[in-house]
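Structure provided below as structure tokens; questions to follow.
Note that the chains are named A, B, C and D in the order they appear, and that numbering of residues resets to 1 at the start of each chain.
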Amino acid sequence: MSHGEMTVEEVKKHLRGYYVVFGALLCLTIITVAISYLHLPIHLAILLAMAVASVKGGLVAAYFMHLISEKKIIYSMLWLTLILFIFLMLIPIFTLHGYK
Amino acid sequence: MEHPHYGFWLPPNISTNGAEIDNLISVLHWFMAVLFVGWAVYLVYCLVRFRERPGHEADISGSAHFSLPKYVEIGIIIFEAISLIFFSFPIWSKVKKDFPNEAEALVVRVTAEQFAWTVHYAGKDGKFGQLKIELIDGTNPVGLDREDPNGKDDILSPNTLNIPVNKPIIAKLASKDVIHNFFLPVMRVKQDIIPGMTVPVWFQATQTGKFEIGCAQLCGVGHTQMRGFFNVMSQEEFEAWYQEEEKSLLASSTEPISGKTLKIAKIQTIKESK
Amino acid sequence: MSQDTHNHSHGHDHSHSVGHELPFWRKYIFSTDHKVIGLQYGITAVFFLLFGFGLMLLMRWQLAFPKQAIPLIGKLFTEDGVLSPELYNQFGAMHGTIMVFLGVVPLGVGAFGNYLLPLQVGAQDMAFPKLNLLSYWVYFIGGVIMLASFFSPNGAAASGWTSYPPLSVVADNGQTFWLIGMVFLITSSLLGSVNTIVTAIQLRVKGLSFMRWPVLVWAQVVTAFLLLLAFPPLEAAGVLQLMDRLAGTSFFLPSGLVVSGEALKVSGGGNPILWQHLFWFLAHPEVYVLILPAVGIVGEIIAVNTKKPLYGYKTLIYSIIFLGFMSFIVWAHHMFMTGMGVTMSTFFQATTMIISVPSIIILTTYLLTLWGSSIRYTVPMLFAIAFLPMFAIGGLTGLPLGLTASDIHLHDTYYVIGHFHYVVAPGSLFALMAGVYHWYPKITGRFMSDTLGKIHFWLSVVAINGVFMPMFFMGMAGVSRRLYDQTIYAHGAAAQPLNVFMSYCAWALAVAQLPFLYNMATSWKWGKKIESNNPWGGTTLEWATASPPPHENFTTPVEVFRGPYEYSSNKKPLPQFVQEA
Amino acid sequence: MSVIIPYIDKPNPVTGVTNAKLGIWLFLASEVMLFGALFSTLIILRSSATDWPAHGSDVLNVPLATLNTVFLITSSVTIVLSWASLKMKNLMKFKLHMGLTVLLSFGFLIIKYFEYSSKFHHEHYPSTSTFYAVYFTMTGLHGLHVIGGIITNLYLMGPGSKMWKTEPERFTGRIECAGLYWHFVDLVWIFLFPALYLL
């Protein structure tokens, strides 16, 4: 199903989903700020903060950006981007550990 | 060898590591030549035999199956794998990783700046003096602290790297300003010097002679001028030079020592073999 | 043929009516027609190519005859007519920048991509015509900024086209121009590549499945993906370097720098290697941006002039895709000498060896297409054939540079210059010239002169090898690149005769381009008229319409019935757009 | 006769998307790489820094940034609601939600302005340290994206909305694309916020 051709009823159904996601995002924001005040060991803190951010980002992408029901062409393009993004993220690894 | 022979091919090699590198270069070029000649012969043959002419028509079946290219392709892959595993990896590992023991080697520091080299020897005690950025001035290009007990006998040699033959040398490279590249053509040594990092290289000369240091990375308007001298001496010659430097250092140290009145080794004047 | 003539006359009527509708500036300056924009890109790119080439011709004088005054025009640049080291470095940096970002890429991607891609997929225009207009003008502004930098107080950027910090950060103002210019050029490329991809994917006519795309369309799409996803890291790096220069940050400046005896007053803590990573993350894919359109053009021309199907079309396409993909994970082979450890160098050597495989497959499919063919020696075909061995030399010489051990000696020498110029000059540029000769009748309805074309070809092919072949020997001799005067070094002085020879060849190469420029200019009006709309017997969609194509490209609906390079049983080309065999 | 470009309002039956939608996703893909490069810069500089603040909250104002996060998340909801309103053929509701989105984005910028001026007041500039360099550059570039979004959204809410009368489907598609861009801006902030302020 494409949201490009959604009927009015389907849009209405979606609306509730948007509010639920909104609530979840607000909760996660509070959680991530709260965690930061615990002053956890740095590795754990980074892990938690990035995990929460990923969940939030995932929610935005999946529901607001409708990636949960997108067309194949968009998916394949995003997979490609994701892989190249991972390559890009090799730069810190190589810079920090490649010169030993 | 006083006057090295330079020409249109590899410069002479006087390094213990150089032969393997040269060997790889020549193996690769033979391979490239064979492959290219093969392709070229095939290409010229096609261009002549399949030219457009009356009575000749293209074979459009398109199903003509060739197996030779597949074998060539596999051959190339195998060759590349071999040159990686049996040539490049071991040589690189030897040059970059298997450093000689510092105790048996001569350790020098080479500091690059726009547009000069300073070679820093540790002196008799084998320990380098501290470097302080605030001491840097025209006569003390690396900011060597002569107050530091380790630094009292250190020798600074501008633009000239003198080394004894047949002894492993470890050069610790650093840059004061921009990226330079320490290039000893006859030693097959080339290393970028990234400011903020100290990168060691090692090499061992097999012959004496007078050669050059080049900067191989664009470092500004005087990049070309950034040429240093690289002299490989016999052990005796080297020791004589070293002692003379220390003597003149001692003579100057009767004056109050400070960074500013630092005695630096006199500049070698070499009539290059140009 | 009646169909064609019908289109032709129709097209003429139409373009007349458009001429009345739109004022001159809308039709030729701020046009949204992909064909006009393609030509704008082409003309601008040719101007920049000549400009960049001109810089090199001046540098070649200094290289051949160090510190001698340049005859006749030297006084324009310096008081004594000798090219100063400052100017030499500026010309060197700008030669690279202009040739790559303002010359070859706009010609291969901007001009050929814009003009041919919509035609080859059967579209009436690009998907976003206004965006297309915008991307040309953003490119134009970027070019103007680059040229303007020559007039800034201390001249243009002088830190090489790679702009390695810290040198580029402590350099004069020209570098700021360079960075701002680059931001414009990158933005233009990003807009253009979005347009290319959307056009190729969305506006395909009925029946044109992906595996029926002509090679050139595939090449352009892969190229567009490279531009789209590799350029942004350089844009980020450019912004960071601008911050370093203008806001005093230290992204690329480590602590403790002492420049000209003065401690640099910055916070420090940055990393010069970071720039190199971000730069080469773009600049390696950029090499394939330079070569892939050329590969596509050569494929089209070989397919038309061998009068048989292209050998191994699918293999070729998969190789192009794989090549594009792999180009993202080889970048650090440009940085082997920066002091990287064994693991990292092993990884990048391995990926570099892997990327050689698809390149060889591409070359092989073209070579095999020649077998059993009937080669028609048109001028574009001559250039396309010359591309093959030249590209082969360029590719093969990458081998000793891709292995760290041999790279120790060859890194940053003339060997590197020879290697990538073989890929880009007698490689890409020959292919682009072939493209000009091949599609000139499509664009203008007239042929370029055959005789002048052949003179151009033979002079060029000899001269260009005379320029670049000796570079391998210079590199072997250990002569570093970017030297103002190599005779200062003993090994440089020994190799100096090569430099003199190369310079003469470079000037000969310049002379060899005169018949080409004359031919291009005069044939527009006086060239031999084409007799049919499809003078070469092409099988792809751009030949389905009139030459030159009308404003909306296709006046009657087109449909695709088969792959791009097929032939009927009686050995006649079977265009994609013709239903009956 | 003029040039006809298909699939500007209705999706291409083969790919299932409109031109604009594919285009905006491609653009966002390049944006991912742009911010990716900046994040890798952040990781490198942070890992090798000597004077990086132990916690972002020591030097940055977390409550204000949290408020900003809430603003952006809310604006993401309002913009998707504005799109949904168009789907339900309600132009007024669309304008209401779009107006809210723009208001919230202005709120974000105003707070950002206070944050910046307080930093400048304490003489903390991009040149102070690599931390501030990263902070100002990344939030600055993100801020530019916010400004770009505001301009687009204002246009679509005002003069651009005339298209609703002539080509409603195409206009709805435009709002969807503007929404996708805006969600992306939100998404970048979702990662920037912990990376700079909380860690």
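Side notes on the structure shown:
Convention: a contact is a pair of C-beta atoms (placed from the backbone, for glycine too) under 8 Å apart; a residue touches a chain by one contact, two chains touch by 3 or more.
Values in this document were obtained by computation on a predicted structure and should not be read as measured data.
Applying the stated touch criterion, the connected components after subunit C is left out read A, D | B.
Between subunit B and subunit C, the centres computed from C-alpha atoms are 33 Å apart.
In terms of their C-alpha centroids, the spacing between subunit A and subunit D amounts to 14 Å. Centre-to-centre spacing of subunit A and subunit C amounts to 38 Å, using the average Cα coordinate of each chain. Taking each chain's centre as the mean of its C-alpha atoms, subunit B lies 50 Å from subunit D. Among all residues of subunit B, those that touch two or more other chains are 197. Shown for subunit C are the residues in touch with two or more other chains, namely 201, 229-230, 233, 255, 271, 273-274, 278, 281, 338-339, 341.
Residues of subunit A in contact with at least two other chains: 73, 80-81, 84, 88, 91, 95, 99. Touching chain pairs in this entry, ordered by label, are A-C, A-D, B-C, C-D.
Taken in their complex, subunit A has these residues touching subunit C: 73, 80-81, 84, 87-88, 90-91, 94-95, 97-100. Taken together, the subunit B residues at the contact with subunit C in this complex read 4, 6-11, 20-22, 24-25, 28-29, 31-32, 35-36, 39-40, 42-43, 46-47, 50-53, 56-60, 62, 64, 66, 69, 72-73, 76-77, 80-81, 83-84, 87-89, 91-93, 95-97, 113-114, 133-134, 136-138, 143, 176-179, 181, 183, 185, 188-192, 194-197, 199, 211-212, 214-225, 227, 272-274.
By the touch criterion stated above, subunit C contacts subunit A in their complex at residues 201, 225, 229-230, 233, 271, 273-274, 277-278, 281, 328-329, 332, 338-341, 343-344. Those residues of subunit D that touch subunit A in the complex are listed here as 11, 15-18, 21-22, 25-26, 29, 32-33, 36-37, 39-40, 43-44, 47-48, 55-57, 62, 66, 69-70, 73-74, 76-77, 80-81, 84, 87-89, 173, 176, 179-180, 183-184, 186-187, 190-191, 193-195, 197-199. Within the complex formed with subunit D, the subunit C residues making contact are 14, 17, 33, 123-125, 127-129, 190, 193-195, 197-198, 201-204, 228-233, 235-237, 239-240, 243, 247-251, 255, 266-267, 269-271, 274, 278, 281, 551-553.
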